Amino acid sequence: MTRCMTLAEAIDRFVPDGSVVAMGTCLEAAIPFAAGHELIRQGRRDLTLVGPISDMLFDHLVGAGCVRQISAAWVGNVSAGLAHCLRRAVEEGVPAPVEIRDHSNFTIGLALLAAGIGAPFIPTRTSMGSDLPLENPDLIESTNPLNELGEPIVLVRAIQPDVLIVHVQRADEAGHAHLWGPLGVTREAVLAARRIIITAEEVVPSATILRDPNRVIAPAHKVAAVVEVPGGAHPSPVPGYYDRDHAFFEEYHARSRTLEGFEAWLREWVLDLPDHAAYLEHLGAARWQALQQTRETV
Amino acid sequence: MTYTPREMMIVTAAREIRDGDVVFVGMRLPLAAFVVAKRTHAPRAIGYFECGLIRETPPAALLYTMSDPANVAGAAWAGGLVDVMGLLATGHVDVGFLGGAQVDRFGNLNTTRIGSARAPKVRLPGSGGAADIASFAQRTVILMPHAPHRLVEEVDYITSPGYGSGGDWRTQVGLPGGGPSAIITTLGVLRFDEHGEAYLASYHPFTTPEEVRAKTGWDLRIPHEVDITPPPTEAELQALRVYDPDGVWIGEA
Amino acid sequence: MTYTPREMMIVTAAREIRDGDVVFVGMRLPLAAFVVAKRTHAPRAIGYFECGLIRETPPAALLYTMSDPANVAGAAWAGGLVDVMGLLATGHVDVGFLGGAQVDRFGNLNTTRIGSARAPKVRLPGSGGAADIASFAQRTVILMPHAPHRLVEEVDYITSPGYGSGGDWRTQVGLPGGGPSAIITTLGVLRFDEHGEAYLASYHPFTTPEEVRAKTGWDLRIPHEVDITPPPTEAELQALRVYDPDGVWIGEA
Amino acid sequence: MTRCMTLAEAIDRFVPDGSVVAMGTCLEAAIPFAAGHELIRQGRRDLTLVGPISDMLFDHLVGAGCVRQISAAWVGNVSAGLAHCLRRAVEEGVPAPVEIRDHSNFTIGLALLAAGIGAPFIPTRTSMGSDLPLENPDLIESTNPLNELGEPIVLVRAIQPDVLIVHVQRADEAGHAHLWGPLGVTREAVLAARRIIITAEEVVPSATILRDPNRVIAPAHKVAAVVEVPGGAHPSPVPGYYDRDHAFFEEYHARSRTLEGFEAWLREWVLDLPDHAAYLEHLGAARWQALQQTRETV
């Protein structure tokens, strides 16, 4: 059975308006930028974004007006600085207000872990004494019922994404996918999410995947779509495939400082391009080639 | 030998790492401090990266982010965020690094928002792993450019708790970790007294206690005897500059 | 065509698997039922194994345990127990198999202890994953040699809850899964009425409803019209015997 | 730095009397039988054993009088039947009474998970309505504080083993270890345990391990000892190395039915042998060779 389709079809069928979408679960690596751009092209609205840290992608989606709420630990541009679109949205309501439920990396991981094991919450000692539980209704200050002294504890409410979009090195048509490098909260997210969209550098024969089932990141029967998108994580890196395009993050940071600058950037890199192949073409072969890694043997 | 205030800050941060320490490295500047420590006085230090990596050797190339392929290659472990945070939460981290937009005299850090919830002036990126490091690490080290709008009387939002309102506040709210041991800035090193309040422990060679106080947003306590921070050694500066030849982290202010 | 009561039981169990089902296979006899189903009417069934494996194809060799290398080779996923249990707990399992020492009329299973806590007569191995399967699977199928000391009026310990004391008991105690859909024995198939009580749905071709009742430890309800279990087909028997040519699971009683 | 030592030294130094010991965390695969036998040879007492299902090893230790308490989901002989030593201990107090805290596989996994993430407990809906929470003080019936209707929930108390003994395919001297195949609760246990003893089929150069850090099972700095013990999981299987010796489980089952039979078995296979090399010699080259697998390529 094949679950292969185009990115446009996968986003159209499996990420309706209003969805709770987890992305960027490997932190700064293997961010599904191509899928995020397709969400923008299709004009998706009222999304809730879930992730640990977002290195630029959430800022694109906020700037494009796709987002109503964010549950995350960090939204910015890791090597360059603040997220300008997020600033405009939160500070000025431009293009639309966004509600942020501030997590720490650990609590967003625990929220996904809880959903994946069917627990309504997980208790933790992180974030106690901080302002996070005061403003985020998903972090509940409580006391430990197993402790006679009633020691304080924070209950992290489970978060179940409607869909997880994860970019991987390779997958087969049925949805068995190999992911390596930093896994971030991906193992928790594949269990937590109702369904999964895989974008892959390569679609390969099943035998290539199944010879190493320990590297398979998700149960294939939860995978709704497999999309071959070479370079689909650019400008973030994919271990074994390509390096991070640091300059791209800097360029976006500079251009997105103003609303007009962001809008021009968005037209140039997303709206005026039909798909990710056109994006790579626009990037240019020389720039793209320079990022390629010698393949690891795994 | 010349060096920049930022180089002074990173090298001084590196010295907070003891040999054999487990270091929660985090993002941005601490990446450089970890490498300097590994290449000088703390070759056996172990680095935790919340993306899911543990390193026992410094990376072979400059890291822009902890998830760069250069940080994966030769890693001692590549797992998940909850794994690494679990190790943090169970007391395995000796020292964790934090940065932020604002810090107060009790070492409480704000990386979330300038202004109020209703009228935010600057929306900052948020906690990342900072709240977790602040909660659990045996000690934390805060890195911060020194300026009155950064070292403030009161932070607008406590993202990463230090000593709260001082005294035994951490115990009262149930925080297991030890709290901040230093604020290292571009001008000096602040440490904490038994009430959890910061005082000037040393000022960098190119400044004075008076300048440090003038650029601090609260009435900074300066003891009668305050040291000059030892300047970077040649070995430290070389380790830093070999790691970051183009000044990606050294140069930025 | 001849076959043993145990073959009849395994083949009948296999028929409880619908094509495309996610099956929590567990240990021992269900390993054989899963293979028979995969090789006959349910080629698209997916098997979960709590050691951390998911299979979409039957294993190439007879399994003595779910963790045998033959179950790893060609697996669709090799992760951990909590992963697989998490999938179970979040409702992904259509049907789970259970066995045990005792079962009562409400499908409550005991695999822990014969006798009381203070005076245990037989210490059994315990739950394994059975309590989890009983809690979460959309439906469970219980396999049991038919004998009065096994199908009992009251179990000595509820390891894996069925319908408890009947009625809406599962809802009251908060159990999310659907509960038992059948008890398949060496003599027949018991199903459950709307009150959660087992009745004889079919008896195997080599026995009679009277024998079934006589070998049941409670006053088993037998409807006026009760079917004969369809005997194993040649394809089913062949699938079973090819999988287990030496009678490791078929032969044992 | 090397953490290599003999099995005798590792057990002597890191598993004192009274320890809480997790073993058999991969379920029926890679059970650390050699380490368990060394515990028996050294006459260890008052152990608390922790594991999901124990395929025969816990029965050895109970029969040898090493055990005071067990927190596990299943103790028996998976392909052969009941655990005869456990029966004698529980039913007759022979050789000594053993307290069993009955878990399900999920709850033992959650107990280790909780300890590894620093959570005092994890809430779950498994085991509700069963007798497990009635007799096991580590499964606490409670209500969900996030639910207005006060829905019932079970709190699984964290279990922190003093030491985890895990058998792996290969490790380096510093304790970086590769494990593959079914992982069971091993990932949770390495985080939960205070320290880890690795027994490995092979000790290999670090470069072999570090070329694939995603396959490393534990942080090396938690590893107290690395012991090269070829065949150290026999009669359980090690994926990529050898198959399960089913007959060995049957033989033990038959011989351990009586106390005298067990004692003779224990003398023959454990007490009268100085170490695991002698055990393999006693097993015989032909029997051992017949179990070898063609190595997988991973």
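Each chain carries a letter (A, B, C and D) given by its place in the written order, and its residues are counted from 1.
Basically, contacts are C-beta pairs under 8 Å (C-beta built on N, C-alpha and C of every residue); 3 or more make two chains touch, one makes a residue touch a chain.
Quantities reported herein were computed from a predicted structural model and do not represent experimental measurements.
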| Quick one: which chains contact chain B and chain C both? | A, D
| note | Top of the farthest list for chain D, CA-centroid basis, is B
| message | On a C-alpha centroid basis, what's the spacing between chain A and chain D, in Å? | response | 37
| field | Geometric centre distance via CA averages, chain C-chain A, whole Å | value | 41
| field | Inter-chain centre distance, chain C versus chain D - centres from mean C-alpha coordinates, in Å | value | 27
| task | Return the residues of chain A touching two or more other chains; collapse runs of consecutive numbers into ranges. | result | 110, 113, 117-119, 124-125, 153, 180-181, 183, 187, 214
| task | Can you tell me which residues of chain B touch two or more of the remaining chains? | result | 53, 72, 78-79, 82, 85, 89, 136, 176
| note | Among line, ring, star, complete and other, the chain contact graph is other
| field | Inter-chain touch pairs (all) | value | A-B, A-C, A-D, B-D, C-D
| said: With touch defined as at the start, can you tell me which chain A residues reach chain C in the complex? | reply: 1, 115-119, 174, 176, 187, 191, 210, 213-214, 216, 218-222
| query | In the complex of these two chains, what residues of chain B are touching chain A? | reply | 27-28, 49-53, 64-69, 71-72, 78-82, 85, 88-89, 112, 117, 120-132, 134-136, 157-161, 164, 169-170, 173-176, 248
| remark: chain C partner, complex, touching residues on chain D are 26-29, 52-53, 55, 72-76, 78-79, 82-83, 86-87, 90-91, 100, 102-107, 109-110, 113, 124-132, 135, 151-153, 180-188, 236-237, 239-240, 243-244, 246, 249, 293
| Touching residues on chain B, where the partner in the complex is chain D | 22, 44, 46, 53-54, 56, 72, 74-79, 82-83, 85-87, 89-92, 136, 176
| query | Okay, in this complex, where on chain A does chain D touch? | reply | 110, 113, 117-125, 140, 142, 144-147, 153, 155, 157, 180-181, 183, 211-212, 214-215, 296-298
